[in-house]
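Take a look at the structure below.
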Amino acid sequence: MFEAVAFYLFAFLTIAMFFITVTTSQALYALSALAAGMIFISAFFFILGADFLGAVQIIVYTGAVMALYAFGMMFFDTTREVKEKKGNKFIIVGLATLCAVIIVAIFAAPIVSDNMLSLYPALEGAGNTQSVGLVLFTKYLIPFEVAAIMLLVAMVAGIVLAGKKMDLSLTLLNAEEIEKMDEEINKKVLS
Amino acid sequence: MLDHILSILIFFPALAGVMGFMIDKGSIRAYGVAVAFVEFALSLWLWFAFDSNVSGMQFMENIALIPSFGINYILGVDGISLFIIILAAFFTMIGIASLTETKNEKNMIITLLFLEMTMIGVFSALDAIVFYVFWELSLVPMLYIIGAWGGPMRIYASVKFFLYTFAGSLVMLVGMLFMAYFFYQATGTWSFAILDWYRLILPESFQLWLFAAFFVGFAIKVPMFPFHTWLPYAHGQAPTIGSVILAAILLKMGTYAFIRFSLPLFPDASVFFMYPIAVIAIIMIIYTAMVAYAQKDVKQVVAYSSVSHMGVIILGTFALNVEGITGSVFLMIAHGVVSGALFLLVGVIYDRRHTKLMSEFGGLAHVMPRYATIFGIMLMASVGMPLTINFVGEFLSLLGFYEQSHILTLLAGIAIVVGAIYMLTAYKKMFFGEVTKDENRNLPDVNKRELIALIPLAIITIWLGVYPKPVLEPINNSVEAVVQLMHNKSTTEEAKSRIPNVSGVVISKTSTREAH
Amino acid sequence: MEIGLNHYLILSTILFAIGLVGVMRRKNLLLLFFATEILLNSVNIAFAAISHYYGDLTGQMFAFFVIAIAASEIAVGLGLLIVWYKRHGNIDLESMTSMRG
Amino acid sequence: MEKYLYIALFAPLVSSMFSALFTNTPKKQFVGIIASLLIFSAFVSSSILLTHILDGGDIVHVEMMTWMATGNLYIPFGFVVDQISVTMMMVVTLVSTIVHIYSIGYMDHDKGFNRFFAWLSAFVFSMMILVMSDNFAGLFIGWEGVGLCSWGLIGFWFHKEVATWAANEAFIMNRIADLGMLIGIFLVYWNTGSLQYDIAFPAMAHLDSATLTWMGIFLFIGAMGKSAQFPLHTWLADAMEGPTPVSALIHAATMVTAGVYLVIRSNELYDLIPHVGLFIASLGAFVALFAASMALVNRDMKRIIAYSTLSQLGYMFAAAGLGAYWVALFHLMAHAFFKALLFLGAGNVMHAMHDELDPFKMGGLKKVMKGTWIMMTIASLALAGIFPFAGFFSKDTILEAAFAEHHMVIYGVLLFTAGLTAFYSFRLVALIFHGEERYKIFGIHPHEAYKFMLIAMSPLLFLAMIAGIFQTPFFEMVEEILGATEYHIHSHATLLIMLVGTQMFVGLAILYAYKKYASWSSVPDGSSVIENSFIYKLLYNQYYIPYGYEEYIVKPYNELSAALWEVDKKVVDASVDGIASIFYSAGENTRDMQSGNLSTMLKWMVVGTVVLLSLAVVFGLAARYSGEIMSILSGLGV
């Protein structure tokens, strides 16, 4: 009973947050709503007994990713309203709904759902951090290492891409130099 | 070395071609001629070492490539493929030797060497996948030759050539995969080796579909009516050397593949489709001959005549008896020599006048008597004059098909009439009459370089016309094996009766008369 | 009332649909990124739920890797966005038409 | 004896190749002389072979080497000298020797002197293969070879449009017939299993008559082309564009008789199918009359002789068709002599008249060209069949044969034609050599040909006069191979009446021709009544047959070819291009999808996802309910 209440509550909250994320015209709202949605999702993980995953969710998404977005947004002009594309909203929503309905229909179809439920009952004790660690460092060791390298590479790439001329500081430059830089940038843009 | 002579034959030109990139521009021609000559000498050695009394494959090589799927690098040569390989080497040699001034000569020669590799590969491959790989690879150098050195519409022509043949061969690939799958179903092991496939007896309904799949690929390559329209464009736009190789060797891939794949693999389907294909062949023969007659461009005349002659080859192939198939294999060689020579000859006049329109010529026999003579010899070979190489093949092909159908042979025989009509008309327009155009008055006659290419061809034309035995005998032995295989494999009553049982007949070739 | 796998799957589907809506209607690339995050997360829920109900940790592992990939994607994606912004002064999808066929 | 056989066969080849070496060099007298000597050596060898055969020696049969051998087919280069071929060899080598020598003079001023001898000797070689081969394939080699050489020689003056046109016409028409021949050969092979005469002919006795009929018909079609029988006759008259020695050798004495030779060679076949033989005889008789009628009014000297050749070929076929093979062969031989003589004489006249061919523009030439006059008159007498010249013996025997076989219509036609023959021959002689010297109007100064040319012709003159005495030895020689019966009218009185009657009829025709034309004084200009009569026009235009061919065969062929080319471009090729353009336009239309706008792309991506998911549903359902679907479909009768 408690599980059901929690599920529906968090389901409602998650859907609401994500809905705001995709509909709001304020980037900051969107960011905040997304962060909130992430946290609510971690709740599902806890309900499902995937504690470690829940923790990772909060740390990585709400902590790291959101921070990254927040920093990223500082580069862009986020104060103004986000212009949305003109176009038929019905198509968009319709397509998405159709997609969702089909997927639901597939899962709800007797043949699929019967197979799924009747085969494996839920097991207690699975999902604790220890067992996750065991699996992660034995069976999935190589993917884990690869993921680590990938993250490293992504980090380096992020720095290299974003960090050009990071050694220059606007506060340490005088006005003329800044103007010159602007001109150069403009030239590049024009070319 | 003899154990690997086929691999050497295939890859020597390719390696030499790669090395060619390092050769200086000025000496590339000598290098190319040298390589092609060595290759030709090797192919002659192959002939020398070939035991013409053996009907099966010789010089087999077998290296596993993907054993789990039965894909192996299997090579081998029999009487059917031997001479086409030699012809390929020969034409590459004289092609390079007679190459007139072209831009990017180096690229051309290297491309030709690569093309040689693919051609010899196709004719010596005994594994369907290897065969397919070489088959498709052969498109690339030809595409390049047409696209880079062709006439004003070269891009259109080369793309058309490529897409057309490529589309066909994809269908063929599907057929091959199905064939391998059926083989797997029947035996439990995968194999793409043609010789393994030969042992597989398929039910007639499967044969029909597979035959059709293979047919599309081969028919476009031949090219059979109504898939022939890429050929005139390709010939019209290709440089001389491209046309020569295309007509002499590349087209033979299709007819060769009919004999290598379609007939022995699907004997019942071959009998089933014999009449429709014969009708197509007859349409090819007469229709394209008439179209050839309407051409204004002499190269197009030769191109359409090529299609027309290929019709006779197809007809001989589907005679399904030893005489017809031997004739068609011989005609492949004959047609290679003759049409190759005709394209070279057209190239000679094109180099001098930069036009191929017959209305621009006239009276050339006055100014270029040697050229007119050689052209005349090739013309007569083309119309099937006895004692020239073409006659032997044409005669045997038609003779063979006569056993299957009298009336269709009569119709196909119209080839010798219509062939004479367009060829003689073209010759008359070009060579006879007074010299009407001033530009033609001082044309130089064929020079030494051109003679190097043309004289051997003329000699072969006459020599094999008078004494075809050295070539005919190995072909005959291999063809007898094929026909016997077909007879043994065929399941339907009709096929059994259409395909003769060779072993049951006393072979009276070595009669007592020949003994003395 | 028992919460079964289907509930989670349907939730995941709904979230996925919302993500799709975002992907389709957002013009601002940054906000488009948000939408992709939603898509990834919706899948994560499905993974975790399946893992739970099947008693197999593989699902969680996948979710874990998805998170890792999402993180690196954001790192690289944001870097690229910044470069783009420096060049063009905006991050509108409409301006990215150099891939026109 | 084999040595002589090889000399006879290959001396012409050597001669041809030797002459061919000099084709690109200016005229060399020695080329002609050496070529003539080589052909003469072939003649000598043939004579030795003839004496060998006459002495009752064995048939010389050699097999030189294998030509084609595949499957059950075995074709060697085999040569046989028997009574038939030795006769042909004699005719060929004798006439060609004379023509070679004659040509040295005739082609004296021609640029292509050397080339001419190369072609001429090549022709002799082909003809020798044709007559000496011991199988049908070898025969076909020669058959096509003579066609080729005839093409080269008709079109010898290739700068003349008409000459090359005629050459092509001759070649193509012969090709049509060769197709029939080829089919005949195939029939022989598949029914008898061999192409060797000595195997194939005996095997034919066991075949059913329908097959044999087809065989006979197709082989005869081949013969029709080579011997220019109706309806493939038009090329022969046009072939007169070639140099006159060529006309004498190829289009009178040898090549055109190849068809007759074929029928004679296949006598064992035609004996089995008398109804085809009767058809051949009827066609022969028809052609004899038909050609003679065209010769009556023609105004081209060479064409008149050509039609006369055609007419005489008709006689030969009539004889061969009636089973009188030896008579046909004998007439072939005699005809070769006097017709070659006639042509060579005409060549002299042409030279004298600077290539003028209209006999109406000549007249009175006997004063300046006495030798030629005598020769042509005697040749014409022989042609007309006046006793005791060659034609009397050969032609009269044909008439007797027709009479003896009770084919009175054929006999009547042939008899009537004999009269026509006499008339047109002497019309020609009278117009050329008698009457007023009309050529003076055109400012021509005729002169007699070289002495050695006349001497070269003299053997022919001699033979045209005395060939008749060979009849009995000839008959004795060939009777064993041709199984011949001597055609004798049993009642002497009938025979006498026939002979005298024929001679009188012919003689009257000659006298009428002389009376009408010997004193001709003007050049007709197309205004006289007779020239405007329907029959004259019909005959003069060769029954409008060439016109009909041109109009109803050549032109439609041209148009059909052009139309087919359009079809090739506009239908066959366009349909392929159409398929390509469907793809192309599909791509062109869908490129908007790839606007480069990411959000559009994303939208399409979602569409794709939906489609794939739907497909999954559909297939899932289909898989689940496949049994039901099948039952429903089968219920619908699919």
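Observations, loosely collected:
The first chain written gets the first letter, and so on, giving A, B, C and D; residue counts start at 1 in each chain.
Criterion: contacts are C-beta pairs under 8 Å (C-beta built on N, C-alpha and C of every residue); 3 or more make two chains touch, one makes a residue touch a chain.
What you see is a predicted model; the values in this text were computed from it and never measured.
The chain pair with more C-beta contacts between its two chains, of C-D and A-D, is C-D. Centroid to centroid, with C-alpha atoms defining each point, subunit C and subunit D lie 90 Å apart. Taking each chain's centre as the average of its CA atoms, subunit A and subunit D sit 95 Å apart.
Chain centres here are Cα averages; for subunit B and subunit C they lie 59 Å apart. Averaging Cα coordinates per chain places subunit A and subunit C 6 Å apart. For subunit C, the set of residues that touch two or more other chains comprises 20, 24-27, 93-94.
Among the residues of subunit A, those touching two or more other chains are numbered 85, 92, 95-96, 99, 103. Annotation for subunit B: no residues touch two or more other chains. Chains touching one another, given as pairs, are A-C, A-D, B-D, C-D.
If you check the complex, the residues on subunit D that touch subunit C are 591, 594-599, 602-603, 606. Residue ranges of subunit A in contact with subunit C, taken from their complex: 1, 3-4, 7, 11, 14-15, 18-19, 21-22, 27, 30-31, 34, 37-38, 41, 44-45, 48-50, 52-53, 56-57, 60-61, 64-65, 68-69, 72-73, 75-76, 78, 82-85, 87, 89, 92-93, 95-97, 99-100, 103-104, 107-108, 113, 116-117, 119-123, 126-127, 131-132, 135-136, 139-140, 143, 147, 150-151, 153-155, 157-162, 164, 185, 188-189. Residues 1-11, 13-22, 24-28, 30-31, 33-35, 37-38, 41, 44-45, 48-49, 51-58, 60-61, 63-65, 67-76, 78-83, 85-89, 91-94 of subunit C are the ones that touch subunit A when the two sit in their complex. Residues 20, 23-27, 32, 93-94, 96-101 of subunit C are the ones that touch subunit D when the two sit in their complex.
Looking at the complex, you find that subunit B touches subunit D at residues 163-164, 225-230, 287, 290-291, 293-295, 321-323, 326-327, 363, 365-366, 369-370, 373, 380, 383, 385-387, 391-392, 395-396, 398-400, 402-403, 406, 409-410, 413-414, 416-417, 420-421, 424-425, 428, 431-434, 466-469, 472-473, 475-476, 479-480, 502, 505, 507-509, 511, 513-514.
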